[in-house]
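Presented sequentially are two complexes of chain A, the first with chain B as partner and the second with chain C.
Now for the complex of A and B:
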């Protein structure tokens, strides 16, 4: 592998121009986790590597009352996992990131690189999808915002256009009474992709009735899958075994897993049902606890006032 | 054309080396600098044998692009002993039989070092989490965990 060009981009614009000029054989590299594995196995032989690792302006975690949680594309998994801002604003992301690979993987891998790789088995997508995350895609020509749900096109294929790079992930502020969770089933406790991974989010009103819900599946289709129809059944409802079973049935029907070394199609489909029910129950519990805690604080304040 | 000169700081010593842009840090450490204590095995981030500490954080040297290590501080297993004295973790691994074939040991010890640098008194659960990215095919995990615990307790 000699003669490979190496360009160290000093700005998003420069990286975008280099991508356009260098054509098909050029690949962006950040943490390198996905790309170097493909190169080490000779599945990919780029003619040019465009490094964006030193673009400090893409490495941040910020909270903004209007936009919500803003995470720069070059933020590492470990930085998200250990961020106090993320723990406070979107704890499900801390829970999810702690299950990505190993500490070595999380110290080097970036959230932007993870999403752009487009592997449906990655953990972040289902958790971000249930939070209605958005991404910013930028090029030398300008930037556009896209809901993450429109980003994954097919296996290892995303909505990124030639010359575009992902620069930011945003999680809008969550309504009060929201609980979210990510449940992963894998054969090993670390360093493993999920056989199936399920993200769930439930938003309850003051009476504990579901106002809104999301359910997303990882590793059981060519892309991460949002189960809108299944989750929609929960709106206006309280949890009951029958209702959750019907939601799980629809999630099983939507899943499109393939048989492989991780498990048979049938087994994975069964798993989707079990994990969907479990994830929704947990999200419901977290949402309910949040409501209680808010009410508790409210009561205490009124006592103080009296 | 594509080869480039980079500066690396390995175990406190500065080096200037010429690398291919696609070369990974583990090959530069082993083949160019002759530091073969860092092992290379799966080249896909599964085994942790190539773990080194880069600017205070553990990474896979087999998945770190050599140009990305330029100007940064790298600690390998060769950098732990000082003045002929083994590092307390190395001593604890010997005393507690924390290795059998030894292939995973450099990576294990560096993951343990990064843990203890950040959290000097970890619980057994925290130790297990910290070395979850390092596979020991001899499966001597209990002795490894005991060694790390003993080292943390000795520092109390």
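Now for the complex of A and C:
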């Protein structure tokens, strides 16, 4: 690790310019959690690190009636987990963040770094995907907005163009009668990436019939996976064990996990089925509860979602 | 002597005394191995074989040697001695030489000392090595077959150490007489010690060709001998100063950085620091031996055990390390704490090109206990009896010889019935499941753990020395070999000395391990420190006390027999106001030329290993869809003879249980073709605080052991062993399936349910 140049950017524009000027070998660094591990294992040997840690303007959580929940890219996992605004507007994110790594990891890691790392084994993506989140990507040339579902391209690869930074994550206001949840399976109850993680969201009408639903899988493919077809089966339906089982079956089929020391492909597929069913059951219940009670209940759930 | 308020005859012993090094540790002031620095220090790095089996054809360090800032490059050519170490077979190279084979991933080939760590690392990449890659020998079953390709070309076979053969009675007849026979084949994982501080230290060249090694070890004197022999340096020129270690658990008995530090320091002429990365430690340090154990147990319908047959195969990895004695101990455990008339036990350890294995807290016991106790639990199920009642029925009783092991004899209290009764009393109600897809279960196990009694039953441990000196300020210094790695030897020694000399714990200073300053006390292993060091320190204190009384007799004008020691003073027992402080007495003795120093040497040359009894109970909840286990509550009962420091002991037992839970549920270091599949702490799953039981109840049976200091027995390893069999029995209680291969990962549980036709 000799001779790495270190630049501290003072604005998004400066960071973007530095990225372009330094070319191939340049890497942005936020919390550094993902990056430093890659560097320690020599999987990545950047010649220049451009730190964006000082960009206070990218560290915020705001609510805006039109745009919804706006989270700056440099916001830490812990800030999201403990935010009252998030708890009120998108409690599933609180639930999800509480399961990331450990408190130390959550204090250091940023949401931007997490998404831009492009590792499918991370927790935030499935939860954000089911909320139809969008991201803003900015460079010295300007900014563009992209649905998160278009952001993940392949393993460790995202839609970021050279010179671009992720500056904001947005969660549009959720329709009334919406419940969302994230369930994670990992071997240990702290520090572990998910072996499988499932985000689910259900929006019910006044009669308890499903108007809209999303299901997203983490850690079981080259990117986080949205199961639109499977979730689509729920539209116009009321919950029944058979229906949820069928959706879970399709999610299982869509998953493309690989065998490793944490589990075989077969077992991971099985987990996807179990977690999908549980996530949908819970989301359905939260949505039902939400129609009666006031909005914004953040329920803490344990890892396997029970 | 004044009695403590709790009725104990002791003032300090039996009290919970905080770790004397605790304040330094918790405030970050303790200096561990990685904190040691010397002016002008270089940084050392090791070039390691990436192959599990390869002939090293050529090592060319010339390019690395020419790099500016690289001060020394060392290969086997620089090694003057045997270039081998190992306590049971000197079969491990300090550095693999050209023409020899590397036998495991991580085998060291060359060393570099440079001005910076980065430079040393860069230099490693410039050392050219030509290998002839050989097919790795990785299946221990195949390896021990006659004619199998050999790991060590100079050995006749891959059998490591002597196979174990233990027989009692006639097992064939025993099985013929049995109404119920239960059989199983069990597998246990390669467990990594994963201490927080991997091997590290600084080697400092001394004038005259000597070297001082500031580097932690559980066996300072042995490290001195190993370095001396392997490198051909006279023993008196090697000094080992064991710096406090961030954990050891048996993984720091063998030398690690020590010979490498000596080589680099001597060649460069400057102090050299080395600190293994944890990934490096994963490769190079010995692990818990993976075991395959078959057990067959026969019983009468009334539950009486009639015959037991067991067969153990340990994967020893590339070098012997402690595998031979680990095998013996495992076989000894397979006799169980039971009175079984017909027993046949066979054991073999195999050399393979897998990572080296050897000593780890429990030393063969956890593997054997899992196999035997799971079989006993299956027997209870087969007979439809309560597992505690079945154990009580077969438990050893006083007066019987040991089950089968020549290492043991039952000359001291047999407390298994008390231990089992206690665990039944503490069991409490079984918890309720927390949700619809959850099941709860309870399991128990018991074992007869062993510990060293300075008896010579374990290699190199015969005899334990300690000495105590009184300083003119009235405090005492106690010196012995030993080492600090969190187990609390210093605190224990301070307690003993304070108790015996009427001092406070804070008035006792411990000097541990510096081979130039301490008497030989043997290795800090085998749950022996409280027992052996305690006895040695007691003897030293008694000898010192005699001298103190003789010296004080003059000053106090009373015969030595009439004197007592308390509150830092010698006093006349009949007239406690006539007294002299130990400080004053010490000064007076200096002027008179009297030495106030006591030596203690504790040895039982013809003794056997000590033993005790333990039991564990585990309540758990399991998710019947994912197979994931949540340990809920456990009970640990151990006969400790006497709890010398109940708080510290409780900590040891809870820590041991956490390690046992890792072994039972999470930890494994599988290999493929000799390559480690969990090469770092990102993949190797060590339990976190959120993965252990919510509650652990620790209870001591205190039946004083006559040979122990104040009646104490060795205790610190014992709670590791009962966890896996208790947990697997609890899983069976919850789900009705047996897991014969641990760790009991969620996937294995799910597969077992699938095999039983129990999954959706």
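As a convention for this text, the second predicted complex is superposed on the first by the 293 of 306 C-alpha atoms of A that agree within 3 Å, B and C clash if a C-alpha of one lies under 4 Å from a C-alpha of the other, contacts with A are read in each partner's own complex, and residues count from 1 in each chain.
Quick note on the criterion: a contact is a pair of C-beta atoms (placed from the backbone, for glycine too) under 8 Å apart; a residue touches a chain by one contact, two chains touch by 3 or more.
Note that the coordinates shown come from a computational prediction; the quantities given were computed from them, not determined experimentally.
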Applying the document's definition of touch, where does A:29 land relative to chain B and chain C: first, second, both, or neither? first
Looking at A:191, would you say it contacts chain B, chain C, both, or neither? Reply first, second, both or neither. both
Can A:274 be said to touch chain B (first), chain C (second), both, or neither? second
Is A:59 in contact with chain B, with chain C, with both, or with neither (first, second, both, neither)? neither
Is A:108 contacted by the first partner chain B, the second partner chain C, both or neither? first
Just checking: does A:6 make contact with chain B only, chain C only, both, or neither of them? Give me first, second, both or neither. first
Just chain B (first), just chain C (second), both, or neither: which does A:264 touch? second
Applying the document's definition of touch, where does A:70 land relative to chain B and chain C: first, second, both, or neither? neither
Shared contact residues on chain A - chain B and chain C: 1-2, 37, 102, 189-191
Please name which positions on chain A make contact with chain C in the complex. 1-2, 37, 102, 185, 187-192, 261-264, 267, 270-271, 274, 304, 306
Under the touch definition given earlier, write down the residues of chain C that touch chain A in their complex. 118, 122, 434-438, 623, 625-626, 628, 666, 668, 670, 677-678, 682-683, 685, 687-691, 745-747, 750-751
Okay, in this complex, where on chain B does chain A touch? 1-2, 4, 20-22, 24, 43-46, 48, 51, 54, 57-60, 62-65, 67-68, 111, 114, 129-130, 132-135
Could you list, by residue number, the parts of chain A that touch chain B in their complex? 1-6, 8, 29, 32-33, 36-37, 39-41, 46, 49, 51, 53, 78, 101-105, 107-108, 189-191
